[in-house]
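Take a look at the structures listed below.
You will see two complexes here that share chain A, one where it goes with chain B and one where it goes with chain C.
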Partner chain A sequence: MRNSLWRTGAAFTLAAVTLAACAGQSSTNDTAASSGGSDTIKVGILHSLSGTMAISEVTVRDAELLAIEEINAAGGVLGKKLEPVVEDGASDWPTFAEKATKLIAQDKVATVFGGWTSASRKAMLPVFEKRKALLWYPVQYEGLESSPYIFYTGATTNQQIVPGLDYLKEKGKKKLFLVGSDYVFPRTANKIIKAYAAANGMEVLGEEYTPLGHTEYSTLVNKIVEAKPDAVFNTLNGDSNVAFFKQLKSAGISADQMPVMSVSVAEEEVRGIGVDNVAGHLVAWNYYQTTDTPANEKFVAAFKAKYGADKVTSDPMEAGYNAVYLWAEAVKKAGTSEVEAVKKAAGGVSLDRPEGEVTIDGDNQHVYKTARIGVVQPDGQIKEVWNSGEPIKPDPYLKTYSWAGGLV
Partner chain B sequence: MTAPERSVRRWQGPAVFTAVAVLALVAAPLLLEPFRLGLLAKYLCYAIVALGIGLAWGQGGMLTLGQGVFFGLGGYAMGMYLKLNDAAGDLPDFMVWSGVEKLPALWTPFGNPVFALAMVVVLPAAVALLLGALVFRQRVRGAYFAILTQALAAALVILLVGQQGLTGGTNGLTNFFDFFGRDVAADETQRGLYLLVAVVLGALYLGARQLVRSRFGRLLLAVRDGEDRVRFLGYNPATVKTLTFAVSAGMAGIAGALFVPVVGIISPALLGVVPSLELVVAVAVGGRFALAGAVLGAVVMGYARTYFSEELPDAWLYLQGALFVLVMALAPKGIAGLAANLVRRREARA
Partner chain C sequence: MEGVLNQLPIGLSIGAVLLLIALGLTFTFGQMGVVNMAHGEFIMAGAYTAYLLQGVGFLIALPAAFVVAGLMGLVLERTLIRRFYGRPLDTLLLTWGVSLLLQQLARDLFGAPNVQVASPAWLRGGIGILPYNRLFIMALAAASVLAIWAYMNRTGQGRRMRAVMQNRRLAATSGIDTGRVDQRTFFIGSGLAGVAGVALTLIGPVGPTLGTYYIVDAFLVVVAGGLGQLRGAVLAAAGLGLLNSYAEFWSDASLAKVVVFMAIIGFLQVRPQGLFFVRSRALS
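And now, the complex of A and B:
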């Protein structure tokens, strides 16, 4: 009894010390924040540096840090250097919300670049809306969203999925099989694909979902073989692609007979899947490492110089890299990094980026982007076989597509 | 020991408890800025779950690796009510983009706050009672029980992710606005919520302490240390264990419900195997044999996670792991055990 009393006492004393440390911690950080001074502008970078998403998100962080470095080397923004504050979202959605709050409330950053999964964006959205702070989200996503405090520099559905379908239709692929990971992006994408198919005389033979991280695809591949579709539309994410493409290949299906159109497989993923398994298949993005623009030549060279010659660049990396430049341009135009002024100035901001010309649409804060369909090459690079010719106006709610009327 | 010494000891526990209560209820809200206070509220939510684990594992010997299930049930019950309240008669946002056209029947009763709040405790406790009644009567214990609870957590995550239209899928439930008539994001509301969490934790701690010191508590210890002997004495260990497990599940449910307005999200990522294990680790670090140790462990590990990840975003996981290894190597009974040892040594010298 008396030991347990002592133990309780000691434990609570430690609790008190912890609390005091908590208080001490926050006050030291306060001074750090104010000593940032007026010759720098703090910007937050919030991606998963640990957990399942780290492999993808770290590359975007690297691209964003490169952009910040380049802007600083060119004299900064409004005569001030950019000072990145990096946080780890840890592939955990509530952590994204916590770190976003920390960046806004404590570090008082001017803007945040971050997120990859839709779930992380959905978790951060209320934080940015309620605190009236800015988030730049760099990954293609499922659309149906237009937060006044988020800028979307990746593609929305009419800049990636719809062009992908147009391409398949043009090639006479009428029977589709849909494969996706079980979360909001694939499910919403497939809803759109089914509406498109119904309106364009195409047929959806099957729709299958597997949990994120799933690696057993022999049953699913058998279903595909039996259904005999003209093409597969693939919205699988991450590791699952490795197993899926391997088992598809061992079932004897070649890209000529039954091409797979993927929307989450870029240069980085091709390396992970193994180029032998995925060569010849189709992908839909807005940028490839091979995209032939002067800005891209510079970007690829700078990225390799900073991070190593064996590194590849990909669409989400480029979109993150662009986000920093677009924000900086909007700040220059506004003459201040204050959020509402930057939002107002951002509409119409147009830059020549590695993917070509990009322009911010002031109405929905998405970006005009050129759609590009590519074929995976035996060397792991992606060769463009079709593009939309000009940047497509973003339409996250697919309002301008008559067949999409029943979707929202 | 002389009489005055004994009376000093007698008042030591309550004195420390009062001191911590004053620190938590008065000093913390004054000293910490709103963002840090919100984080502390989050740690205290985890501390409530840890208290339940301390009861079930430390006192009852039931290693439960699936406490996230009960945390999640409580959290989703609260989240469903808040979502329906915000939607005000319309469909919750995620149902719209998941293609659900009519409010599912499962959701309808959660529009009622009394029902939802009751479910916060009733659902987890009922699941625990059912599970306990099934497995403890069959004398399933030790590693088998641990594996079972872990499987339950994994199964619930798959269920929640798969039913996107019903549960919000991987995204979970997020973007809440109104919490019983107040703006959930306002600093005032968050301070109020912090105080609520702290008071609930204090009350549950006192309740659990009473339980441990009661006849039932002694029986629970006896079951932990010699289940068969207790059975030969004419008691039914299955009943004792089932009830304790249900109490710890109810605590996790309450913690989940408080977590939702504090953090603003409930998602499958919060209740799977990994977060459930993290809480057990926290209890081990704090010291599982003392209820206060469990609470302390949750706060320390929660704080360490925040601190390490802010200071070293690239390497914090290693530090977090090292902290666990270090504590276990130096003090197998956790921080509370270490403290008790120090005190005992000093007494022996005196």
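And now, the complex of A and C:
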């Protein structure tokens, strides 16, 4: 009897505490919402902070938070401070859609900065289009997309992959072997590469895909050794790059004999792969930590000051950092953070960023970017060996390239 | 043609990796029936041990990782798993939760990005298609199998372990302290995962989610080989390694995975208990 009395008492106490907690929660929410109306603008940040993609996406979140902090320190936007609401997409595509809905409907954010894999972007796209909300997507991707509610601050194919191929052609690399992870980005990228190769007298000797997270590359390395290509074009994503480069290196293949051109290996990944394993190989991006501009000097210094001197900056981080600034600039130009007005104001917004001048193309909501080819150095940094000289107009559907006619 | 021949040693070396990651599981899953989803995280703990001991020496990392992962396993067994014996589904959920906790712990301690573990200089180079680091993994797998075989068959502890596995209650009535045997079995099983983790730094990524890449393969080997059967695990690992190697050579990596899964499903239809099994009342 005493026992059951105790239980009832405990249950009541628990219920009371829970209710009080809920009440406390909702009252703080109310104040947050009302203060949101007066002196802050809420912005969502949605990246994978756990799971297989966390390795890359955490760094982009850091860069975006840095930009928000800097903008707030300089007085905010339209006299209001930015208030980041950070959510975890957990490397799971349905979670991205769910958290995007939460940020838009519940937190009522003015815009969201987020995503990395194309799968996560494709999962979020219908959410943003249906709710007429804004997403800023910071990573290079496979193109062939132009949603009216997404701004793409990473490179599309004609700003990264096509310049990468131009460089290989210029260096006389005629026989290519394509290696990629088995999902939409590498498969689309390789379609473009094959069309380019066919039109430019290059030969594709092999095309291989491995599941995301694959770590066993000895068979693939054997196939590459058999095929004897002049160069490998690598669209592997995530941890697979570590296994691939380690096993390629231990098979005795050097960068001089057979360079690998990668489009998803940046400064951060170089450290995980091990500099020994990847030094001398090629990468294609729009920004390196070593890119020589005054804005980049400031960015690198600020990032190291906030997160530690041993941290590196990379292209997707810079693109995420830019996204916040570009959005803030468009809001200033529009005079409001209301979505349609910001979209209209964004076209033509131009800023001097770490990678040089970037301008939003109002037609497709992509960004003019300078293409850069780099070589991984023994110290883990990337040295630029070629650049396009001026920002390239984004062309997500490759309409201006005759050889790409059959792709779209 | 040379490529086809090369796939033979490649297949065996893939098998050696599979065997190494599965050996620990033949103890914890095979002998004790514990579905330990955190086994992959013990592999990860071994890999991070190698990372921390980089300056000290690669060979020293092997016993160190054995002890680190073994102790983690021991703590897990004493605090949690012990309370869930005979409830495989609950254990599965429990250890899966533990694996997520350990992944996050690694992320907090070492950061989300992969860390760099340099291969020792004496493992650079190779013979033919097989690099020295692959040969080292094959030798390590062989040495581990020999050591386990000797332990199980030539020591009193090993005999007691087998007695508990075959009939727990009879072993207990014969005066064997089954609780102690369980602890020891779990320590060794988890420790072997740590050793595998050190070896994997030679060929793969070292990050918080490393364990998730290997855990499924490890279970496949144990199930196909027969629970708790050392020779079964060896044969299953070699067979799956070769199958994987040739399937991938003639198709691609994604299809090879499908072929391997189909082969295992088909095989288990014919022999549900795996390659080898012990006929015993306790198991039926």
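To be clear about the criterion, the second predicted complex is superposed on the first by the 373 of 408 C-alpha atoms of A that agree within 3 Å, B and C clash if a C-alpha of one lies under 4 Å from a C-alpha of the other, contacts with A are read in each partner's own complex, and residues count from 1 in each chain.
The definition used in the following text is that contacts are C-beta pairs under 8 Å (C-beta built on N, C-alpha and C of every residue); 3 or more make two chains touch, one makes a residue touch a chain.
Quick caveat: nothing in here was measured; it's all calculated off a predicted structure.
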Requested in this report: Once the structures are superposed on A, label A:P211 by its partner contacts, choosing first (chain B), second (chain C), both or neither.
Outcome: both
Query - Which partner, chain B or chain C, touches more chain A residues - result: B
Requested in this report: For A:S250, decide between first (touching chain B), second (touching chain C), both and neither.
Outcome: second
Query raised in the report: Looking at the overlay, what does A:L125 touch: chain B (first), chain C (second), both, or neither?
Result: first
Query raised in the report: Can A:D182 be said to touch chain B (first), chain C (second), both, or neither?
Result: both
Requested in this report: Give one of first, second, both or neither to describe whether A:D92 is in contact with chain B, with chain C, with both, or with none.
Outcome: first
Requested in this report: State whether A:V225 touches chain B only (first), chain C only (second), both chains, or neither.
Outcome: second
Query raised in the report: Thinking of the overlay built on chain A, is A:D239 touched by chain B (first), by chain C (second), by both, or by neither?
Result: second
Query raised in the report: Is A:S50 touching the first partner chain B, the second partner chain C, both, or neither of them?
Result: both
Report task. For A:L144, select first, second, both or neither according to whether it touches chain B, chain C, the two together, or no partner. Result -> first
Report summary line: Both chain B and chain C touch chain A at residues 49-50, 182, 209, 211
Requested in this report: Can you check the complex and tell me which residues of chain B touch chain A?
Outcome: 9-10, 12-13, 16-17, 19-20, 23-24, 27-28, 31-36, 38-40, 42, 94, 96-99, 158, 161-162, 164, 169-172, 174-176, 185, 263-265, 267, 269-270, 286-287, 290-293, 295-296, 299-300, 303, 306-307, 309-310, 313-314, 316-317, 335-337, 339-340, 342-344
**Report entry** Residues of chain C defined as touching chain A within the complex
**Finding:** 2-3, 6-7, 10, 13-14, 17, 103-104, 107, 112-119, 124-126, 129, 131-134, 200, 202-210, 212-214, 244-245, 248-249, 252-254, 256-257
Requested in this report: Sort out for me which residues of chain A touch chain B in the complex.
Outcome: 2-16, 18-19, 21-23, 25-26, 30, 49-50, 86-88, 90, 92-95, 97-99, 101-102, 105-106, 117-119, 122-123, 125-127, 130-131, 142, 144, 182-184, 187-188, 191, 209, 211-212, 408
Report summary line: Interface with chain C, chain A side, in the complex: residues 49-52, 54-56, 58-59, 182, 208-211, 213-216, 218-220, 222-223, 225-226, 239-240, 242-243, 246-247, 250-252, 268-269, 271-276
